[in-house]
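A, B, C and D are the chain letters, set down in written order, and residue numbers restart from 1 in every chain.
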Amino acid sequence: MKNNFGTNISWTLFGESHGPAIGITLDGLPAGFKVDMEQIKSDMDKRKATGKISTQRHEADEVHILSGMYNGYTTGTALTILIENQNTKSKDYSAFHGRLRPGHADFTAFEKYNGYQDYRGGGHFSGRLTACIVAAGSICRQILKSHGIVIGSHIESLYTLSDIPFSQDSRVLEKQIQEVNDKTFAVIDDQVKDQMIQEIEKAAAEGDSLGGILETAIIGLPTGLGEPFFDSVESILSHLIFSVPAVKGVSFGEGFGFAKLKGSQANDAFRFNDKIETKTNHNAGINGGITNGMPIIIHTCIKPTPSIFKTQESVDYLSKENVDLKIQGRHDPCILHRARIVVDSVVAFGLLDLYMSRLAIKPLQGDFE
Amino acid sequence: MKNNFGTNISWTLFGESHGPAIGITLDGLPAGFKVDMEQIKSDMDKRKATGKISTQRHEADEVHILSGMYNGYTTGTALTILIENQNTKSKDYSAFHGRLRPGHADFTAFEKYNGYQDYRGGGHFSGRLTACIVAAGSICRQILKSHGIVIGSHIESLYTLSDIPFSQDSRVLEKQIQEVNDKTFAVIDDQVKDQMIQEIEKAAAEGDSLGGILETAIIGLPTGLGEPFFDSVESILSHLIFSVPAVKGVSFGEGFGFAKLKGSQANDAFRFNDKIETKTNHNAGINGGITNGMPIIIHTCIKPTPSIFKTQESVDYLSKENVDLKIQGRHDPCILHRARIVVDSVVAFGLLDLYMSRLAIKPLQGDFE
Amino acid sequence: MKNNFGTNISWTLFGESHGPAIGITLDGLPAGFKVDMEQIKSDMDKRKATGKISTQRHEADEVHILSGMYNGYTTGTALTILIENQNTKSKDYSAFHGRLRPGHADFTAFEKYNGYQDYRGGGHFSGRLTACIVAAGSICRQILKSHGIVIGSHIESLYTLSDIPFSQDSRVLEKQIQEVNDKTFAVIDDQVKDQMIQEIEKAAAEGDSLGGILETAIIGLPTGLGEPFFDSVESILSHLIFSVPAVKGVSFGEGFGFAKLKGSQANDAFRFNDKIETKTNHNAGINGGITNGMPIIIHTCIKPTPSIFKTQESVDYLSKENVDLKIQGRHDPCILHRARIVVDSVVAFGLLDLYMSRLAIKPLQGDFE
Amino acid sequence: MKNNFGTNISWTLFGESHGPAIGITLDGLPAGFKVDMEQIKSDMDKRKATGKISTQRHEADEVHILSGMYNGYTTGTALTILIENQNTKSKDYSAFHGRLRPGHADFTAFEKYNGYQDYRGGGHFSGRLTACIVAAGSICRQILKSHGIVIGSHIESLYTLSDIPFSQDSRVLEKQIQEVNDKTFAVIDDQVKDQMIQEIEKAAAEGDSLGGILETAIIGLPTGLGEPFFDSVESILSHLIFSVPAVKGVSFGEGFGFAKLKGSQANDAFRFNDKIETKTNHNAGINGGITNGMPIIIHTCIKPTPSIFKTQESVDYLSKENVDLKIQGRHDPCILHRARIVVDSVVAFGLLDLYMSRLAIKPLQGDFE
């Protein structure tokens, strides 16, 4: 509901881009998990703005855990993360109040909150809030990892440039995930990295912006996570991924490619080795909305950042006049390289929520005796 | 949670393919809405299996409203719809118990429910349950329509064949939605209809199946529906659409096409006429997760039906042996033409849920005085 | 929310007193539990109207399980119970439409549903719906019992008459619970039974009604159930008990008696025998909202049935005129003896919901290794 | 769920007694409400520890609003309140780690969190967290008051001493509510105030503690709030009140007194003046779980503070040995005078949550046209 999501664990997000602080409360975490603060810092760094390919707003993004942790371990009570806003230049925005930035939430925020929204820097709609999601997601990913579940994303395509896709070979895939998780700019093929960065810098120079597609892989999942209706794994993960700003498309496995396959090509045959597996993985580890133990593969399309420096046609909401708009301030010409860890984080949250419910989804003899 | 979804209104789905009955409970509906039973019947007919392009299981699908309606009006209490299962041939399945149908939920159901699931005809995972969703969705669509919100879908592509996409011109779009809603086989271009039917029949003759892409349009929406985190319009609608069996991809507006656009191409400029509108609608009526009053355009990829009659490699879950599987029974060679009304129904539910909350999203002066 | 309650398991209640049927959907039950249909029937009988001390409306109350059960075991999917309404005499009520019965929901239903409510026999507000709660509660109690958790209630007081209270001695208490669970009229002291029945018959003869207090005991609970905020055991159980019609007071342990105790008298000292226990149990097995393993003792006050046959001052909602009202129809002069199993049922539901979450509430080492 | 509650608006509570800070997030508030910070301060003062009748821990309890407010108005996004912990003396507790304080949550916290809980000062179970509830509740009460709904509580009884109960006369009641809301020690009869304070000081001198009963009244309510199942007004309010530490009994109107009334005495006759009202108000403004427009009257029993300074029998959880326990530190000999505003706050939250849903509960013609 609204700024809260989750069944077995929940998180509640709060804050505005130029308010005193942003934060998130993770509730329902198990007690006794040792939180790796260094890992949180390293995950926060993956989201950090750096160089010419990101905004010039640089925030320390120091993570303060206000509750739910004691002596380095989760206590089992609500864990709240606070991140202060420091490098705010609100005057950049004051002039714009009323002038609707195309592609942004300015207009819808006016309509929804009737002008009472904190409009500075996009307020509650700012990508800034994803910093909290990354910090909370890092804890979720640490818990999942301690149970053998590993998540990783890379930039599969940026504008016209493409990276190598994740491998079908599970051993290779595991290695690729590890590698991209160690990189700041997450691509498998390092040569395409430089081209992508140049492409972003070129767009930035033009005062324009770029989008692309992230590919996310999850390995080490148990079978049986998810519900037939209405909480299929696809439903829960897409719900969370689509809550990340700028996401406009989500697909699983062959995704939209299924449209051009026949059933005989789309089905994944079962084979029994030491355990039951599928020979192929077109359905990306999910049958009937429930995990079958194979890797989950997700594609997420992120639109080009709406903040561009070209002059755009717009409207002043307050004077109700048409205006020519030239955006000032500090913006990202592309967010794919920063968004990848945000997608990993919401996916981790969704999977941990499902994972925590496995008692209830397994039969009595399994659970209660 | 599980078989229940919704915040302001909720629905709860129950039943198995070969049990005595399937049903759904709609809770939180406003009192005093006159339900059009004829419209429900007509919507149910759009989902009905017909001819060679669908399963040979033909069900009367008579809709019984057990509660929440009195003298033809909603009472405001929980409204339960019951549909009996009549034309069941369970023997078709008994032989298969343990033999996992590729692409189906047989394996994951075994893992999740440890063999206690009702496996007949896919049990709770059967597309059969979408009959309840269509009946409940019809009521939601009637309420939305009484407030000027209209939803319609067509088969944009089926295997290699494509229909005309929905128009960018709002007047034309309105007409197109009306037309496809009047058709049993929802395509805009009637010529492609016959080709698509032939293509399905051809696949059926080969014992194979086909998938494709549905395009859904919603017009007449107010501004301000949806929440920034975590209940964006995209989040709520994708959650519901991905709970429909066989859906593997969902996108909004330009969807995955955004990856190859620059910000200057992707943004929708604002213009003030009698009210604020966007000149283009790449973002499909949604900015920052909230409706801006323009049409919402959704693309949904539906994979080819996993039930094919070709011999497939599989495993017997009980004997843990590899087997060659040849599926018996009655199945759909394609479900796009039946699924279109199911997608309309879940979309209607999600939008009505958001619509019911507009009190809470509008400011006090607006609401409470 | 509304007709739905629960976090780990949920139930959704639907139906009206004079509609075709009433029902309930239990969602989130573990798969593989063998349901004892005989036990359900025996629990339903405890709620049945009998003799002169209950309404003359006699219903078969046959329980139909439409889903979520296969071959006698829970499947793990939504389990729906349907009970048909047969012995309805709606004409008894038609005359009353608009004439507000004091103490009933007639007025509030008019105000809430603006006249669209099904007013026949109280519609959705009828105690009739508790039949579904008893059937669903029976399944919950069976699951709890299979884990050693047993619930029982007796009529501690009826008007001026009192039964023996539950014993502080755990061995005696266990025996008392067993005894009252075997009785149709649940009192510990059989002599007070006849006096109570005479008192009810006397009130019935006067066209009046009586209320009283139920005492409920739960034994065999594990430690650690419940949440500090906002889902304390007291919060969850009182929420459910207060949803039972006619309940006006709920207390735990010494309850309102705590007001006249000092801390030194109210505290329960801890002692270590083979395990940690409290020497006394004033706090009724709950500290800080969480179970400590001792018996939970609840007192529930049930007001006298509002349906009396004396002439009462009232208003006709439609004509807005004051009227003298003399209620016709078939009513209970007292519901304590029938309500006791309803309270057991909602308590069972609430405890099972908390019990199902114990994975999430226990620390990682316990759960995940 | 856990630390989160609410349907239309929700709040999420976090923090521990001796952690860096405690806080609460209010989500779903309407935009555009002017928050009166002075009123929040004055409500916080009512909860403040003062004199010999309260703990010697004195906290500034300065309320920081981190989000959801801009230029003094609610923005409609999640509003987070933070209160720092300053006057903490953790060493007082370190010695006690393992030594279970009778009547406290020490034992259940150990069992639930397996020793990972922050035990200092009761950690998350501390009454300290109610400071956040008072701050958030103050905003809820301000919104309700702007719609004519007013809440007030007084100490109806403390140990053997009793105050004058709230009047049945609505004009007098309104005046009494106003008066008690202006008082720090909330009693109607100022003479009993001094006796009560002496009684508390006497108990404190003995190293003992006292409890009592709060009476809460709500006036100005619209009709139609609440749901028949499972969210009756009694259910929602009792759920919230029982989440307040030390509450052991909650009743409405005649409460447990209904047990000794006959139906003819318990029913509230309806009479039409300019609008429909009841002549008496035994049912405390609630019929069938829904408000009828008359005042709601609630009684809440608060047990004597478990922290007493007498030597008590206990157990050391870690060494599993019986011990004699003498509690050190700073504690309240009575919390009634501080708890009254906490009860007002949770009641305000519950009523505002129900109030926000009135769109959904009123029929279409009323709402949508």
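Methods note: a residue touches a chain if its C-beta (ideal position, glycine included) is under 8 Å from a C-beta of that chain, and two chains touch if they have at least 3 such contacts.
For each chain, UniProt lists the protein as follows: A, B, C, D = Chorismate synthase.
Just so it is clear, the structure is predicted and the values come from calculations on it, not from any experiment.
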- [ ] Sort the other chains by how far their Cα centres are from that of subunit A (Chorismate synthase) and give me the top one.
- [x] C
Task: Result of counting contacting C-beta pairs for A-D and C-D, higher pair - done: C-D
Task: Chain centre separation in whole Å, for subunit D (Chorismate synthase) relative to subunit C (Chorismate synthase) (CA means) - done: 26
Open item on the list: Between subunit B (Chorismate synthase) and subunit D (Chorismate synthase), what distance separates the C-alpha centroids? Give it in angstrom.
Closed with: 45
Open item on the list: For subunit A (Chorismate synthase) versus subunit D (Chorismate synthase), what separation do you get between their C-alpha means, in angstrom?
Closed with: 39
Open item on the list: Could you pull out the residues of subunit B (Chorismate synthase) that touch at least 2 other chains?
Closed with: 1-4, 7, 13, 28, 31-32, 76-77, 112-114, 116, 124, 228, 361-363, 365
Task: Residue ranges of subunit D (Chorismate synthase) in contact with subunit A (Chorismate synthase) within the complex - done: 1-4, 7, 10, 12-16, 19-23, 25, 27-28, 31-32, 64, 66-68, 70, 73-80, 82, 112-118, 123-124
TODO: Flag every residue of subunit C (Chorismate synthase) that touches subunit D (Chorismate synthase) in the complex, lowest number first.
DONE: 1-5, 7, 13, 100, 102-109, 111-114, 116, 124-125, 129, 157-160, 203, 208-213, 223-224, 226-232, 234-236, 238-240, 242-243, 245, 247-256, 258-272, 276, 278-279, 283, 286-293, 299, 301-308, 310, 312-315, 317, 320-322, 361-363, 365-366
TODO: Please give the residue numbers of subunit B (Chorismate synthase) that touch subunit D (Chorismate synthase) in the complex, ascending.
DONE: 7-9, 28, 30-33, 76-77, 143, 146-147, 228, 356-365, 367-368
